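What follows is a group of structures, each given as C-alpha cells.
The following pair of complexes shares a single chain, chain A, combined with chain B in the former and chain C in the latter.
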Partner chain A sequence: MEKAKISTGGLISILWASHILGTIFPIAGMAAIAKSSAWVSSLIAAALGLLVVWVWLAARPADHQTFMADWLCRICGPFFGVAVNVLYLLFFLVMCGITMRHIMELVSTAVLPKTPNVVILVLFAVPGGIAARLGIEVITRSAQVYIGFSLISFLILVVGISPYIHLENLLPVLNEGLRPPLVGAVPSVASLSLTGLGIWVAPYLDDRRSMERAVLTATAIAGLAVVVLTVIAQGLFSYRGMDEMLIPAISVARSVRLGRILERLDAMMLGAWLLVAFLGKTYLIYLAANQIAWLGRTRHYRPFTFPVTVIAATMAMVLIRSDAELAEWVNTGSFAGYVLAHTFVVPLLLIGVGYFHRRRARTGGAGPGKEGERVP
Partner chain B sequence: MMPASGQRRLLCTLLLAAFVATGCWDRVSVDEVVIVLTLGLDAGSEPDTFKVTLEMVNPGGSTSTETGEVGSLPSAVIISREGRTVLEAIQAIQRSVDRTIFLGQLQIVLYGEELARQGIAGTLDHLQRHGQFRRTMNIGVARESAESVMRSLSETFITLGLSLDALTIQAQRTGFVATLFGDFIQYLVEPGSGAVLPVFDSNEADGSLTVVGTAAFHADRLVGIFNTEESTGVALALGVSGPGLVLVGEADWEGEQVLASFGLRRIRSKVDVRLEDGEPKAAIEVRFEGVLAEQIGGGNFTTERDWSILESMQEQAVVNAIRAAVEKAQEWKVDVFRIGSRLEQRFPHAWKQLEENWRDTFAEMEIEVRVESHLLETGLIKEPLFRKGRDG
Partner chain C sequence: MPPRRPRRSKEATAPPPKPGGSPIPLDNDELKRIILDTFGETDVLHSRTVRVGGERGLRVLAIYDCSLFNAAEAAKTVFEPLIAYGDRPITRTNAIEVLKERVLTNAVIDFADTIEGVIEKILSGRVVLHPEGSRQALVCDVSQTPMRSVEEPETEGIARGPREGFVEQIEANLALLRRRLRTPHLRTESFTVGKYTQTRVVLTYIEGVASETVVAEARSRLERIGVNIDGLLVSETVVELIEDHPFSLFPTINTTERPERVAAALLEGRFAIFVEGTPFALFAPTYFAEFFTSSADHTERSITTLMLRTVRLLSLFITLFLPSIYVALVSFHHEAIPTILLLSIALGREGVPFPPAGEAFLMEGAFEVLREAGLRLPKTLSNAVSIVGVLVIGQAAVAAKVISPIMIIIVGLTAVASFTTPNFGTANVLRFLRFPILFLTALFGAIGMLISFILLVTHLVSLRSFGVPYMAPLAPFRYNEIKKGLWRRPVWDRGPRPATLFAQDTDRQEGGLMPRPPREGEDGGKG
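Right after this comes the complex of A and B.
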C-alpha cells in the first residue's frame, strides 16, 4: 500500500473508466434478447447496477482506513481470507486481460485493421504498466482529465446524431413481457458492478461518505451512458439493425455527420474512448499488483506492475480466440455469471458472515477482527 | 532536475515509442492511394457474378494502369471488373491500379437497374462488413447500368461522386428522396416494409446528370420506379422533403384555369395506423406551410374571402401527389410508407397475424391522405398583371 490521497471526482472518473467494457458488446446483446425493449433493458441494467453496487458498499470494511484485503481476512478468517484474496487477484487479472482484449479488438476492427494484434496489445499494455507504477494518485488525476475529453466527444456524438434518431424504433415496449429485458440486462449489470471495485482504494479517500458518493455516482453516470447509447443505437438502427452488429458503438460513432463537413468523427470518438479504456485497464493492473503485494506481505506493489501487465496481456491473447467469440461470451456466455460471482455473490456472503460475527460478538463470542487479523 | 535513473527511463520509453510508432502497418500515405468516390454495382456477364465500377480520384495527379484506360492526367479514372463477390471484383481492379484503393471517402453506391431488379442481397454484406464503408454514404440506382451512367458522365463531371452527393441534396429540395446507406439497410430488414432510393440517369442531349425517379424495393429487389409526381408524393408522405419544394396547384375560377406554384416549407408528416375490427387502416398526415411563388391566371386571391382558394389549391396538389404514390405502391404491393412497420410497433400481437400476407393486405387496404396547410406569404404582388385570355 502506498501513501496517497485521492479526490472523490478522481475516483468517480476512474470507476467510470473501469466500466468501459459495458459500452462495447452488451448493447447488441440487449437487442438480441429484449428485441424492441432493448432500451428498457438498459434502464433495468442501470437500476440493478446501482443495487449491486449498494450491496458492495454494504460489504465494505466498517473502518474507513481498513483495506479490503485485510477486511476479507478479518471476516473470513486467515485461511479463507487468503483464499478469497487469491480469488480476487485472479479476478483482477482476468478482467484486466479481458479489458485489454476489448481494446485490441476495437482498435483492430475500427482503427488499425492491418496492424498485428500483438503490436496493438503491446502498444496499449506497456504504457498501462508504466502508469500503474506511478500510483493511484496519478491514475485518478489523469482519469479526471481524460474523462473530460470523453464527455466532450460523447456530447458531440449525441448532438451530431440526434437528428437521425427515429424514436418510433423504440416501440413496441414490453410486448413479450418483462423477462426478455431482465435477461438482456444481466451482462450490462455485470459490467456496471465493476464500479464497486472502488472500495479497494477507499482508505485513500478522506472519509466513508466520499467513498459511497464516488461509487454510487460513478455507477449512476455509467448506467446513464449505457441508457443513452442504447437509445441512440436503437433509434438509429432499430433493434434488428443492432442485433446484426458486432459492436454497435462503432456504427453509432460512424454515423455522426455534422452538416456534410465533419464526416469522419469516429476516429476522434474512438480516441477519447481508448483513453478512458486505457485508464480502466491501468486501474485493474494497479489493483492486481496491490493484491499480489498483500499476499506476499510486502508494502511495495510497484515491482509487480510489469509482471501483472505481461500476465494480463498473455491472458488477453489466449483466453479468447476471436472478436465474435468475445462478443458471445460477454452477451450470452459466462461473463455475467463470472463477474457477478465476484461483485455480488461474494459481497452477499461477506454481509452474511459479518452479520453472524456481530451476533456472536453480542452473545459473548469472538467478533470480526479478533482472529486472523493480518496487516501487510 | 530529473535524477539519472529517471532520465534513463524516459530515454528508454522514448526510444521504445520511436521504435513502434514509426512502423504503423495501417499508415495511409496520400501519394500511395487512389480515393474511390463512386462505387457502381451491376450484374456480371456470367450468372451470379457482379461487375464493380470504381470512380477513383488520384490525389497525386496521375495514375497509370496496365489497361491504358487513363488519359493524360485526368482527375478521375473509371475502371470496371467482374467477380463472384464484390471484393473479388475490387481486387481485380486493384491489379490495374498502381496505388492502393481507398474506400474510406466513398460518397455514393450506385446500383444498376438490372442488378437491382435481380436482387442486391449478395452485394450488401461487404458494404456492411468492411470497416472503411460508412453508414452515412449515399446510395442510389442508375438507369440501365451503373457503369454506363458513370462513364457517360465522367467527361462532364471532374469528380462524379461529389456531384452525385451534392445532387442528392437538390433531389430532396425538388421532390425526390435521398437515402443514406444505413437507413436503406434498416428499411430492408423491417418486416413488410419497402425501401426507396433515388434513380439517376445521364441526359445524352446535354450531358447532364438528372434525378429521374424513385426506386421502390421490396426485400432486396427493385419492384418499380415512381415517376416525378409519385416520387414527390413518396417524399412528402415519408417527411423527407427538403425546404424549397415547389408544387403546382390547379383550380378553375370563373371558367378560367388558374395555375399557381407554391413553395413548401416546414413539412411534417406521419403515418398513423389503427385497427378497425381487426382490419388495418392507415392515414398519411402531412402538415406544411406554403408560400405563393407564382400565379398564372385568376384574380386577386390575397383577400380574406379568396385566401381559402389558394390554400385548397396547394393542399390539393399535395393530396394528388401522395394519392398517385399510394396507388402505384399498392399496385406494386410495396409498402414504401412503412405502414407495416408502424403496425408492428403499435399492434405487435395483431401484426403477427398480418405479417404473412402483408403485401396482399397492403395492396387492398384503405389509406387515407390528410393534409393540413397554411399559406403564409404571397410575394410582392397581389395578382397577375394580365389575366389569361381576357387582358392584354
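Right after this comes the complex of A and C.
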C-alpha cells in the first residue's frame, strides 16, 4: 500500500507495544483464578502465546510480499475473503477503541480528574492519527524511541522494587492442580497472540524470516514481561493484593520511593505506559486504515487515518463505560474468546482451507489463485 | 533571453557552444558594442584593443571589469605577453591556439563561446580576449576581490584544534579543504545560481566514498535552482531550496565554519556545498544527534567526549522540558514532589500573583527579549544589558514578589542549558520549542508535556536528510553507529563508515590499530 521499509527491530518494538493490553488486566484475572500459582500461570501463558503465534505464522503465505488482505481473499475466495477482511477491520477498530478507552480512563482517574473525558480522548487521538498517517516507518521509528524509555522505566522499577519482594508469596505452587493456572493463563494467551498482527506489515520487511523472527521475538519478550511483572506483583502484594489491581505495573510502581528525588515513581511509569499504549493504538489505526483502503480499492490508506481515528474514538466512548467494566470483560473470558477467534481460530481455518486447496490442486481440481493476485 | 542551464566546469577544455546561447560575432567592434549595450552606463567596464603580430597583425579585443581584477596580474600575464609577441606570424584560424599555447602566461585560461558566457566571465573578474574573426574568446583569470584573512571561527570555537575558519571567498575555502584532503578523488562541481547574482556554488564529495545516489540527488536539486531565482547571497538560501522538509523547524542540512569538520564529513561519505560569499559550508546527509556534536569532541579523549555529549543531551532535555516539568509538578502533580521541597516552593511562591505557568511565560519571554537585545547591540553594550537583565531585573522581580525565586533558578538553568547546543540554528529551534511545550503543559499538566513529546518524536522520526532517516542511529536503531556516533569510540576502534549514509566504500580503516607496547620477543623495544 505504501512504499516503506522497516527493520526487524522496528517491528519487534511495535508488536511489543501492541501487546500492551496483555499486561493491563489479565494479570489480575490470573491471580483471581490461579491464586498463589499465578506466576506459573504467567509461564504457561508465555509458552502458549508462542504456540498461538506460531499457528499465525504457519497460516501466512509463503511469499512475504503478499499482503494479508490479498491472502485472505486468495484462500477464502472473493466473497468470504472480503467478509473475513471486514471482520478484521472491525477487530482492529474494537481493539483500538478499547485501547483509547483505557488511556482515557487511566489519565482521567490518575492524572487529570477534572478534565472532560472527550478532551483527553481527543488529546491522544490526534497525535495517533497524525503518526498513522505518516506511515509504518514513522510508527516503527517512534516505537524504537519509546521502547527505550519504557525499558529504562521498567528496569528502574525492577531494581527499585527487588528489595521488597517476598519470595514466600509465590508459594504454594500448584496446590489446586494444573487446571487453575491453565484457565488463568487464557486471557494472557489471547493478549499475547496480538503480536501476530505483525504479519499484516510483513511485506515491508526484507524477507519472510525477518518477519518470523520479529513476531516470535516480540511474543517471547512480551511473555517474559508478563512473567516478570507477575512475579514482582505477586512477590510484593501476594495474589490477594494482585486480584484488586487494575494495572499491576503502576500499582507496583506506586510502592517504590526513588531516594528523596521522587515521592512516587508511578508518574514515570505512567508516562512510559501511556507512550507504549499510544503506540499500540497508532498501529491499530494504521492497520484499520489499510484494511479500509484495501476494501475500498484505493491507492493509499492515508485519507482513511483520521476517519478511522474518529470511529475508534467513538467506539471508545460507546463500547465500554469504565476500566472496571473492561477488566470484567477481560477476566470473564469473552475477551479471550473474541481475540482468539481472530488470532487463533481464523489462522487454523486458513491452514485447513489451504491444505484442502493443495489437495484439490494435486488431484487436478482448481487451486487457489496466483500468489499476490487481487480478487476483484 | 532563455534561462541557461547551470554550468558544471570540469577542466579547461573548449566545450561545444551551449544550445540557446548567442554566438560571439567575428567582428571585435560588434562584440564590444553588444557588451557595452548589455552593461549600459557603467564606469567599471573597460576594453582595450591590442595588435598582435606586427603592423598588419591580428587585432585582439580585451574586455574586463576593472573593479574585480588585479591590474598588476593582468599586465604581467596578459598584456605584456601580447605586446611582446612582436612580429611573429598569427592568423585568424590559429589565433586561439597560438595565444593560449605560446603567448599568454596566465595560469588559468578558459574559453567562452557565447555572448552570455563572455558576460559571465567579465562579471567574475576575468579578462576576456577576443581575436578578430574568431567565434571563441579566451578567458584569463586575473580576478581579485576584497578578502578577509583566514581567522578562527567565531561560532564554533574550540580549546584545542585547528584555528582556521572559512572565509567569504570560495577559492580560499576550497583551498582550505583541499589542503586537508590531498586526494585526486575529491570532486568539485560548480554551479551558477541566481539570475542577477550569478553566484558560484560548489558541490564537493569524495568519489568512491560518497553514495552516487545521494550525490546525484544533491546535484539535481542544485541544478533545479539554477537561474530560477533572482539571487543567492547566503548559504541558508540554498538550504531552504534543497532541503527535504521545507516546513520543518529542524535543519536537515548541517553547517560549519570549520574546514576539518567538512573534511571529516566528506570522509564519512557525505557531500558538502560551498556558496560564494558565505563563510559557512553546508554538509549532508545529517542526523539530529549530529547537531549536538562539536569539532572539540575529536580533540578530547573518547571517554571525556562521552561525558561531554551526555551533558549536552541532558541540556537538551533541560532546555525543552525543565520549565514545563516545574509547571506540571507545581500546578498539577504536587503529590510527586518531596514534602520538604514542596514546602520550600510554597514559601517562595507566597504572595506571587501569577500562576506557575504565567510566571514561566513571563520570565522565559523576558529572557528571550534580553537575549535578542544582547545579540543586536555592540559587544560592550550587550554585556551591560545582560547584567542589567539578569541581576537587576531578576532580583527586583523577586523582591517585588512578582516572580518566585525558584522560577529564576529554573529560567537561569534553562538558559544556560540552551547554550550547550553546538549548532546555533538548532539551539534557536529548541529555545522556541519550549514555549508550545509550556503551553500544552499549562493546559494539561504532565499529560500535555507527554503529548508534546509524542508530537516532537513523531515529527523528528518522519524527517529525512537526503533519504537518510533523521533520527538515525536511534531510530532506526543501529547499535554500532550509536557507539561510534554518540559515544565516539577511540579512533583505533571506529569500525566501518555509518551504514545509514549509504557510503560506497564502507571500510574506513584497517583493524589492529590499537596501540600497545611491544610484547616480549617483538622488535621495537629498546630493551
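By definition in this document, the second predicted complex is superposed on the first by the 365 of 376 C-alpha atoms of A that agree within 3 Å, B and C clash if a C-alpha of one lies under 4 Å from a C-alpha of the other, contacts with A are read in each partner's own complex, and residues count from 1 in each chain.
Keep this in mind: a contact is a pair of C-beta atoms (placed from the backbone, for glycine too) under 8 Å apart; a residue touches a chain by one contact, two chains touch by 3 or more.
Since the structure is predicted, the reported quantities are computational estimates derived from the model, not experimental observations.
After overlaying the two complexes on the shared chain, residue contacts for A:T115 are found with chain B and with chain C alike.
Once chain A of one complex is fitted onto chain A of the other, the partner contacts of A:G10 are limited to chain C, with no touch recorded for chain B. Touch criterion met: A:L123 reaches chain B and chain C at once. In the superposition on chain A, A:F278 makes contact with chain C only, not with chain B.
Once the two complexes are overlaid on the shared chain, A:L236 sits against chain B while remaining clear of chain C.
Once chain A of one complex is fitted onto chain A of the other, the partner contacts of A:S142 are limited to chain C, with no touch recorded for chain B. In the superposition on chain A, contact is made by A:P172 with chain B only, not with chain C. Of the two partner chains placed by superposition, only chain C is touched by A:A131; chain B is not.
Common to the chain B and chain C contact sets on chain A are residues 111-112, 115, 123, 130, 260, 263-264. Chain contact summary for the complex, chain A toward chain C: residues 7, 9-10, 107, 111-112, 115, 120, 123-124, 127, 130-131, 134, 137-138, 140-142, 144-146, 148, 260-264, 267, 271, 274-275, 278.
Contact residues on chain B toward chain A in their complex (touch as defined above): 13, 16, 20, 24-26, 104, 128, 131, 134-136, 165, 169, 182, 185-186, 189-190, 342, 344-346, 348-349.
The touching residues of chain C, when paired with chain A in their complex, are 332-333, 335-339, 444-448, 450-451, 454-455, 457-458, 461-462, 469, 471, 474-477. By the touch criterion stated above, chain A contacts chain B in their complex at residues 36, 109-116, 119, 122-123, 126, 130, 168, 171-172, 175, 236-238, 240-241, 244, 251, 254-255, 257, 260, 263-264.
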